[in-house]
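These notes open a run of structures that come right after.
Below, subunit A partners subunit B and then partners subunit C, in two separate complexes.
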Partner chain A sequence: MGVYSDDPLWADVEPLPQDDGGPNPLAAIAYTDEYSEAMSYLRAVMASNDMSERVLSLTEDIISMNPAHYTVWLYRARVLLTLKKDLKEEIAWLNPTALNYQKNYQIWHHRQTIIDALDSPEGEAEFIAQMFERDAKNYHVWSYRQWLVKRFDIDDESELKAIDELLRADVRNNSAWNHRWFVVFGRHEGDSLDETVLERELKYAQAAIYLAPQNQSPWNYVRGLLRKYNKPLSTIKPFATEFASLDHPDDVHSSHALDVLADIYEGEGTKADAAKALDLLAQKYDPIRANYWTYRKFLLGFPPEPDHPIFHHHNY
Partner chain B sequence: MAQNATIHPGFAAHSGLDRAKHINYWKRCLKTYLPHQYTSNDSNRLMLSFFIISALDLLGALLPSTTPAERADYARFLYSCQHPEGGFRGFPGTDFGQLRNKQNKQWDPANIPATYFALSTLILLGDSLQRVNKRACLRWLLQMQREDGSFGEILGENGQIEGGQDTRFGYCATGIRYILRGHKTGSVLGMPDINVDKLVDCIRRSQTYDGGISEAPFHEAHAGFTYCAISTLSFLDRLPNGVGGHLYHYGNVRLSGLTDLDLTVRWFVSRQTTTLDDEEAADTYSDETDTTATCHDAHSFVKTRSVPAKSDETCEKDRPPPAVELQWIGFNGRPNKVADTCYAWWTCASMAILGKLNLLSYTENQLYLLSKPQHAIGGFGKLPGDPPDIYHSYLGLAALGVLGNDAVKPVDPALCFSKHGATLLKNMLWRKRLLGEPGSEGPLVDSDDEVIETAEPRGRGVDVRAHQNLQVRYVRRGSEGETTLCGDGESTVASHDSDQVTLRGE
Partner chain C sequence: MSLASGPGRARTDTAHLPDDLRLYIDKHVMYIQSLDRRKDELEYWLTEHLRLSGLYWGLTALHLLGQPDALPRDEIIDFVISCMHDNGGFGAAPGHDAHMLYTVSGVQILAMLDAFEDFEQRVQDGKRKIGHFISNFQNRDTGTFAGDEWGETDTRFLYGALNALSLLGMLHLVDVTKAVEHVDSCANFDGGYGTGPGAESHAGQIFTCVGALTIAGRLDLVDRDKLGAWLSERQLPNGGLNGRPEKLEDVCYSWWVVSSLAMIGRLHWIDKEKLATFILRCQDPELGGIADRPGDMVDVFHTVFGIAGLSLIGYPGLQEVDPVYCMPKSITQRILAG
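And then the complex of A and B:
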């Protein structure tokens, strides 16, 4: 007895049970009776390409138990489009569903299909904000947001403002930094590089570094900017020196500043200074990466003792 | 909980793995039903199958804990998921059996990750892949590549490639290609090669300004996607010169798949963190200033700046001294995120492929895995104190294998299974012949002769899962043991050594 077998609405459907391929299947799951039954009905309606209204509640049922089912969403979308359902209702159903399954890929693809068919991003900014309240670094949401920006050609101004708000809430949100890069550079590939944009972006990232000097995201952003514009890292030497200086080795406020300085010294050919900065990183300010800093120093021509861990033999 | 209190600085980090408990954990996964919580992973059953079989192999326990007949049954299950048009489906749940036809086949497609996992599992089970319809698989693989070079997950309606643009699919697709045709370019078994240049170009465009690699151009770099991209390049023999074999040349251009190797190495090194659980990470939100608790990447080492946060003083007080914290160094997947077991795999395996494993704090990385997320009942959780799950348990174990832990078999970092398994693959005669290896001369098995076999004709039998309450009883050939499934979904193994296997519900 089950939800479907007892329901006259489904009386004409012959459920199709699962064949597990022999006596010793792998990764067999202790399915609940509810799941087994619903899946048997799903196979039956898919096999006959049933496009009736009842399929919507069945797919909803499956999705609530196995949202990663890779064809149930496609099938549902096909039924919705065939029955010419009100797609706004689908979005209204999807919103709480997405909040329940935050790490599910299929749900975002489905949303994309529906919003694409609706041809309007109305309400999406609010929904995304709601998702970000739960987790402002949710990878799927950020990927979806990029799609939305491109699909509806959302203007830079409003995107930059939204990102600014997220970074005000958490200046360490690397996803927001990355999105900023996408807004500034991602849609204008092939355009010539605008120096005023470089200046604006440098200023923005540097302000964030003043707020929290030991935050790798804006430092990575600054390095990326200089690389993109083919400017030497020494462009920010005075700035980096505000947070770390070899003259005051006990007064370092950012390991990233020290790292930048090491690169600058290396570029300038003052290898001994670069080595000093790398020593400070390895021994005092970033010992988590001691092996890496030692290796960098080795590349400069200052090898460590022969039994140093970086010379340990690994079989790769 | 893990045995964290007893580990001292300088601990050699060899072993420290409770091998017996891990074997028990995986034997439970193999021989009893997975708890119903795995229903949300039902579509990934072939991935779960791979993790279970490969974990036992990594622990050297696959042959001792299974009989040849059981292994043949496992292979039969996998072959039952082979798709009539090439590749494998992700799970038996979409199979319409005799009712399959042209009109409904789009709801039952083959799946790219499932196919990679099925082939890998078969290799580890000692199967020679004779029953794999290789030509159909390669034909299907060609259909799975998009115009931009990327791969999708499944073929949908009208040959539409579904499943997002995602380096994971490129990884699995090139893994399938590597298994079935090695590094051979051009036509194999009458099937042309995939468009390697376009895929490499796609990976190059997915490299981010900070040196990592993303699922698609301009998305955020992520250690999992970066690993997939690097392994893809390894399968394609397109890593930068001097890394992981010889560089593939085309035209006069030498194009490696990584635009900036040094930057990528720096990005991986930066994934190391001592922020090992959620509690430590909680302070980052709404707290802009650097405090000892918010500086994930070097916390408690740099000086906090002008405006110390309110939480600063208390954090400073409760924090262990740096020497203690530095004993355990974990990995995050993106900047400013908390450590997570699986990123130990994505990072260490990538660095191993790039020949740069020594640049990580590998001793402390091992100690982190052994002391923090390793669980007392065996397996690994995502975070310290989390219950073990199959995904993190496998990747934690595989990471230890890459790091050289002597209780785990050496791991092939690109294939994501043991080097022993990689050798089994390389020694397959059909593959040696296909690759034209000296000493393997003989007739090439044409896949036209390789009719798809689902091992034996299968009727629409009893749905075991749907009838748990009926006390399904069947005999396993050559094995003995009673397996019981408790009502709460927690499985227990009574014994694996008696003749009859009784599976019963509550």
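And then the complex of A and C:
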């Protein structure tokens, strides 16, 4: 009748049908046969804490039908570790599975468990590169990569090179920018600040801005750098002016540059210029956030129009 | 209750929107009620690992739509209890491992049904058991929370723990100060927060971090202008919001982004009308339900977050939602007043 009920390997197991919590139409039963049968055997082996070899093919079967079922993954990992299976084989099996189900959270957790037990990151950089070819912003993969860097203390140089390749492919990849920050600063929290690093990173981010001036990631990166090193934003005034100038209000190439200039003018005490930059943003270059820019102007000491929505909110 | 997607699709014909584009309240109520009657579809069973959260999403949507009794209360309580393990945790469905996320959903459902007393009568010492299940997942050195016995930590789990424990009146079981320190260590150079220290800023994680800090009474740690600027930058010219720079808009970010802005008092930094139009365009006007974006399949997850987003921006005809808990404000106020 079924894949498992006809298999002598499973003859000793009494499948456990779904216990839906009592007489309760909220969870009445109408599984498709194949999935339903496999699940009933899973419930049975879990109930008897069966850690035998056959459980691996059972879990593989269920995962192929429903990779999001977290309990199956957890049980599979338990069996693998109990039976001391060849974990490299598990990784080889996982690779195509992960490529097929990229948004699946369980797969990455499983992979982390296995690689941790293997105690070696060998081959992982190549696999991640393959994942990134399909989606270079996959949050699970980036989290996993950070874990790898920390767990195996992977050196900065190879990480920076990999990031550079990704940013060459897509300079707007915010995940790659974040990883760059993590590699350069995040993992060295508490180290003294090296001025040559500031220079190198500023140059890198500025080169990226030339490629795509309206890309917010490197602008955020530059602001973060200057804040980290306690440098004034005016350090990049000439640079920002290349993309936006109050003298040429119709020829602005980056709203982010205008935003930076507004802050610089404020710091310099030329509030009228700051207000002009903010007006340009509110009216022309970023009108969807008009309320935000008006608030910034309000902070400069310019009262908003009396009917402006800013007055409807009191919890600043 | 299912996360089953479909059957309907959101309208695709964006060029010819009807003048009366509005929220199809009755259709959405029917859609959520229908999810439970689709047990002959494989999709229903493939989403079993989400069932308890699906129930929380559907029930929240119904409350916000003003139809809190549209699902049978007793049956829901039966189902919630059938997902509970002896250790105090809840799985997504009977027979699934206990996990933080489903335990939180279980508590939220019981809270919404005003059923803590019914629960306590049927499960001896039930609330205390849940409290201990959750608090055992805190790492007392780092303040972080795991989601299950495998120990992976994530700011989602930390938020979930504070959410459920505060509803149960059991925050004292955990080290809130340490948890707050951990959240603070997740703040990024761009003003946002991620799943852990160093992880990329993501609107969903920002919601969990700001929510946790709000419950802990420590919003003073947030640079509201910087975070608000990043969050409001998530709005795209079509009115929808994305979760990270250079990503596509998606209805669920109407919740993660806008609730975060609401918690830090910066809700007006996005264009509410444009957002409302975007969410309404993601509805299935015939069969109900809301999709992630126009033209895609509807599901209960995007249905609740679309409706909750509309509630936050004051769309008429909806119950007010609590931005911290994603539950009706009238309910959280009653419970938290104790």
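In this text, the second predicted complex is superposed on the first by the 298 of 316 C-alpha atoms of A that agree within 3 Å, B and C clash if a C-alpha of one lies under 4 Å from a C-alpha of the other, contacts with A are read in each partner's own complex, and residues count from 1 in each chain.
Throughout what follows, a residue touches a chain if its C-beta (ideal position, glycine included) is under 8 Å from a C-beta of that chain, and two chains touch if they have at least 3 such contacts.
Just so we're clear, the structure is a prediction, and the values are computed from it rather than from any experiment.
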Touched partner set for A:Ser48, first subunit B, second subunit C, both or neither: first
Subunit B versus subunit C as contact partner of A:Tyr70, first or second or both or neither: both
Partner, of subunit C and subunit B, that touches more residues belonging to subunit A: B
Partner chain(s) touched by A:Ser254 [first = subunit B, second = subunit C, both, neither]: first
Contacts of A:Tyr285 with subunit B and subunit C, given as first, second, both or neither: first
First, second, both or neither for A:Thr113, with subunit B first and subunit C second: second
First (subunit B), second (subunit C), both or neither touched by A:Asn138: neither
Touching partner for A:Gln216 - first (subunit B), second (subunit C), both, neither: both
A:Thr59 touches, of subunit B and subunit C: first, second, both or neither? neither
Contacts of A:Arg172 with subunit B and subunit C, given as first, second, both or neither: both
Shared subunit A surface residues [contacts with subunit B and with subunit C]: 18-22, 24-32, 35-36, 43, 46, 65-66, 68-71, 74, 109, 137, 139, 142-143, 146, 172-175, 178-179, 181-182, 185-186, 215-217, 220-221, 223-224, 227-228, 288-292, 295, 309-310, 312, 315-316
Residues of subunit C touching subunit A in the complex: 1, 36, 39-40, 42, 44-51, 72, 75-76, 78-79, 81-83, 91-97, 99, 148-150, 152, 188-190, 194-202, 228-230, 232-233, 235, 237, 244-247, 265-271, 274
Touching residues on subunit B, where the partner in the complex is subunit A: 29-30, 33-36, 38-46, 48-49, 52-53, 70, 73-74, 76-81, 90, 92-97, 99-100, 103-104, 106-109, 111, 121, 153-154, 156-157, 162-164, 208-211, 215-222, 266, 269-270, 272-274, 284-286, 288-290, 294-299, 301-305, 322, 326, 329, 334-337, 352-353, 355, 357-363, 402, 404, 410, 413, 454-456, 458, 460-466, 468-469, 474-477, 485, 489, 491
List of subunit A residues in touch with subunit C within their complex: 18-22, 24-32, 35-36, 43, 46, 65-66, 68-71, 74, 77, 109, 112-113, 137, 139, 142-143, 146, 172-175, 178-179, 181-182, 185-187, 215-217, 220-221, 223-224, 227-228, 288-292, 295, 309-310, 312-313, 315-316
Subunit B partner contacts - residues on subunit A that touch it in the complex: 16-33, 35-37, 39-40, 43, 46-49, 65-71, 74-75, 78, 105, 109, 137, 139, 142-143, 146, 169-175, 178-179, 181-182, 185-186, 211-217, 220-221, 223-225, 227-228, 251-255, 284-292, 295, 309-312, 314-316
